[in-house]
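Here subunit A shows up in two complexes: once beside subunit B, once beside subunit C.
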Partner chain A sequence: MTTAEEYLDMANQAYAVDPLRQRPSLMVGKMFSAGTSPHEQLYQVIDTEDNPVNGFQAMAVVPVLNGVPDMSQIIVTYAGTNPDHRADVLADVESVVGNQQVLGSQIDDAQRFADSVRRANPGASITTSGHSLGAFLAMLVAAEHRWKSTTFNGPDPWEKLSPEAKAWLQSELAAGNKPLHNYVNEWDLIGNLYLDRTGAADYVSDRPGRSALDYHDIGKNGAFRLNPDGSIAGAGAKGHSLEDIIGNIVDTFAPGAGKALGPGLTGLAGSLRNPTFMNGVAKNVSGLMVAVNTVSALVLAASIGSAVEPLLEVKRANGRIIPRMHEGLLAAKNAASMLPYVTTEDIEACIEAHRLLVRQNVDEEAVADVDRLVDEHIAKVSAISEGISRTVLHSLEQDAQWASAFAGH
Partner chain B sequence: MTELDTYSNDPFEFVHAFFDAVNREVEMGIPGVQELLEGQIHGVAVGLLHSMLPPLVHANIAAVKISESASVIGNSGAIAFALGTADVGNSVVAGAVADKVRDGIDDLRSDADYARGVNSIAW
Partner chain C sequence: MTQDPPNRQLQRESALAFRERQPDVEKILFTREGDRPAFGASWRVNAVATVSGVEYQVIIGPDIGPAFVGVGVPPTAPTPFPPATLTVVYSDGSSEVIE
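The block that comes next holds the complex of A and B.
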């Protein structure tokens, strides 16, 4: 039985089909091992596809048993967006979905590749796998072909499934089966982007405070830890709302900012899951990619917004100066009044003689100036932070409108 | 100089003067002696007040200056870090928006002396 670890390794290997990721790229005939002993298995690549125009890559592999490729069980694995190129995801998205020739071709390519493998290997049992966008494609193709899939951090493809695939999935789920198994890190934005309507999600626990890409990427120190038996450690977790997930990512960069940006995050999550936004291939693909960039923009907002808390601390410290000095003077006067034969007039005279009054020991105007400065800065920081959040939401809305128009809805 | 210091070395004159002084004390009566004593004690107490009160007040002022300066300076650093590390090079925030963000940050950083209040506290 193929373990989750083997599927994870295969999903990772699929990226090697991209010559931009690995030279020479992973080609037909090449072998690689997946899993770890005692569950290590050798696999051979029997087919690949690389579309440099839309960035689609896929491979079909079979296990090598006793030195012979077992052509009866095939795993079709799709690559996601090249992790090395994710820094500029919006540009990638615009180049992918902004071209009508390319629009939707990742799904078309994925279906075509799967059909090609099936036709070449009649009777073989085929399963799919993939990571991220590759997982999205793997689940979609599996549902359309009534295959099983094991994927990682894939956004739910329900909206893109045909009515027949949806009906099949519903009947399988009603029968207690789970043909699609999508391991989703509980804090991964991409895997949690859409609601789990296919029933594929198997949330995997992780600790808060890691980077957004650590929750998403696979490989060493990535989104998933493994048990000795090759299963995914921490699977079966509860999952989180999209708002909480984005908030956690933002908090990674600026502790506490996620809470401060609460309304903005709710709006963002709402935009991402807006049905209009989800219709059409362009929206799914761009939604995936824009989300990552959106987070970095929100991180910028949060980063700037994180200045508010220390500003408030400055204001609090500044506000304590004069009251504390008054308290200290009063305490000293009370102590002095305990001296026998000392009168109130003596104490006041002493204070006057030694210039001990608060106003004689601090520039009260300077303290008030700092208060005003801090208030101004808090207002400016909030305005900048909110301005960025508004820009992000506006950008998402525009993207949704553009995608809607582009998809003819 | 005490009254006895003015007495002559002549034993006769000394005895006269001594009894004169005793007579004066008797004429003043007990309340007078008390006032004399209280006046002396009050002077001592006021001296003690002047030596005690200023250090107490100054110690508190120093404590306020030290602790609130630490808070203000520490948080000023956090503010500078937050604004200094904000990465505006992001494709969602671009063009006029990015310029506005940069200008806003520059503006915030140009007047960031939050320690004026604590610095004005006298040592």
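The block that comes next holds the complex of A and C.
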């Protein structure tokens, strides 16, 4: 039986298909090792696909049993997001083909590749796997073909499924089956981008306060820890709202900022889940990258916004100067009045003679100036922070529009 | 975001990870600097591993199993295999002998 660790390794190996990053790359006939002893298994690549225009990469592999490829069980694995390719796509669209060209989407490529593998291997049992965008594609293809999938940190593909695939999934779920199994780190932004409508999500516990990349990474110190039997440790967790997840990422950089940015994060979560943006994610790679960039920008906004708190502390301390001086003087007067031979007039005369009145010892105008200065800084910091947040949301809308246009819709 | 260690350190960790699976490896020559091929993917690098005098093209990383991208797969090392000396040649041209 193929372990979750083996699927995880296969999802990771799918990235080695890219000839721009690995030279030589993982090609047909080549082998790799997945899992760890005693569950280590050798796999052979039987087919690959690499579309340098939209960044699509996939491979089909079979286990090698006793030195012989077992063609009866095939795993189709899709690679996730390559940030480099987004620039390539943008360059192509803007400088080469303009707005006329409708390029093949990654979904079309994924379906075509799966169909090709199925036709070439009639009768074989096929499952799918992948990570991130690759997981999204793997789940979608599996549902459309009535296959099983084991994926990692994939956004839920429900909105892009055909009515037939949705009906099949619903009947499987009603029967207590779980044909799509998507391990999602409870704090990963990408894997939690959309609601779990396919029923595929299996949330995996992790501790808050790590970096956004760690929650998404499928490496050793990344999103998933493994049990000795090759299963995923911490699976079966409860999961979080998208607002909480973004808040956790923001808090990593500026503790407490997630709470302060609450309304903004709610707005961002809503934007990420709007149908137009969802369409962008489904049609090409840009949506996921926007999500990542968005969090980065929000973190910047939160960092700047968090500067308000120390400024407010300055203002609070400044505001306490005069009352505390009054309190101190009153305490001294009360103490002196306890002496039997000192009259109230004596105390007032002493204060006057030594110029101990508060107004004589503090520049009230200077204190007020500090207040004004702090207020100005708070206003500027808030404006910068809000400006960045607004820009992020605006960019999000722009990108969703671009994604739709790019996909020909 | 967590920053990756320098490539040379990751190449060294990759060599040691490969030796854990293939204890009879004699030499590893890194042919590229290595990187993460995508967002969230594990760091990896191309190398040539010499096992029993035979060179194998591999893609290895600190936390990813080896992919054999040349001709053939090295035979499983006999167990137990006595500790062997491993020569590592990094992509920057420097080298090290690991006992």
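Operating definition for what follows: the second predicted complex is superposed on the first by the 364 of 409 C-alpha atoms of A that agree within 3 Å, B and C clash if a C-alpha of one lies under 4 Å from a C-alpha of the other, contacts with A are read in each partner's own complex, and residues count from 1 in each chain.
Basically, a residue touches a chain if its C-beta (ideal position, glycine included) is under 8 Å from a C-beta of that chain, and two chains touch if they have at least 3 such contacts.
These numbers come from a predicted model, not from an experiment.
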- [ ] Following the overlay on subunit A, give me a clash-or-fit verdict for subunit B and subunit C.
- [x] fit
TODO: Please work out whether A:Ala335 is in contact with subunit B alone, subunit C alone, both, or neither, and reply first, second, both or neither.
DONE: first
Open item on the list: Quick check on the superposed pair: does A:Asn12 touch subunit B, subunit C, both, or neither? Answer first, second, both or neither.
Closed with: second
Open item on the list: Quick check on the superposed pair: does A:Arg320 touch subunit B, subunit C, both, or neither? Answer first, second, both or neither.
Closed with: first
Task: Partner, of subunit C and subunit B, that touches more residues belonging to subunit A - done: B
Open item on the list: Tell me the contact category for A:Arg197 with respect to subunit B and subunit C: first, second, both or neither.
Closed with: neither
Open item on the list: Touch test for A:Val374: subunit B only (first), subunit C only (second), both, or neither?
Closed with: first
TODO: Could you tell me if A:Arg118 is touching subunit B, subunit C, both of them or neither one (first, second, both, neither)?
DONE: neither
- [ ] Could you say whether A:His240 touches subunit B, subunit C, both of them, or neither, answering first, second, both or neither?
- [x] neither
Open item on the list: Here's one for you: vertex at subunit A, rays to subunit B and subunit C, all C-alpha centres; what's the angle to the nearest 10 degrees?
Closed with: 110
Task: First, second, both or neither for A:Lys220, with subunit B first and subunit C second - done: second
Open item on the list: Tell me the contact category for A:Gly80 with respect to subunit B and subunit C: first, second, both or neither.
Closed with: second
TODO: Look at the superposition and give the distance in whole angstrom between the closest pair of CA atoms, one from subunit B and one from subunit C.
DONE: 13
TODO: Please give the residue numbers of subunit B that touch subunit A in the complex, ascending.
DONE: 38, 41-42, 44-46, 48-50, 52-54, 56-58, 60-61, 63-64, 68, 71-72, 75-76, 78-79, 82-83, 85-88, 90-93, 97, 100-101, 104-105, 107-108, 111-122
Open item on the list: Going by the contact rule set out above, which residues of subunit C touch subunit A in the complex?
Closed with: 1-2, 21, 31-32, 35, 37-44, 46, 57, 59, 61-70, 73
Task: Contacting residues of subunit A [partner subunit B, same complex] - done: 88, 90-91, 254, 293-294, 296-297, 299-300, 303-304, 306-307, 309-311, 313-314, 316-318, 320-321, 324-325, 327-329, 331-333, 335-336, 339-342, 346-347, 350-351, 353-354, 356, 360-363, 366-367, 369-371, 373-374, 377, 380-381, 383-384, 387-388, 391-392, 395
Task: Contact footprint of subunit C on subunit A as seen in their complex - done: 9, 12-13, 15-16, 18, 21-27, 30-36, 40, 42, 79-83, 131-132, 153, 190, 210-214, 216-223, 288-289, 292
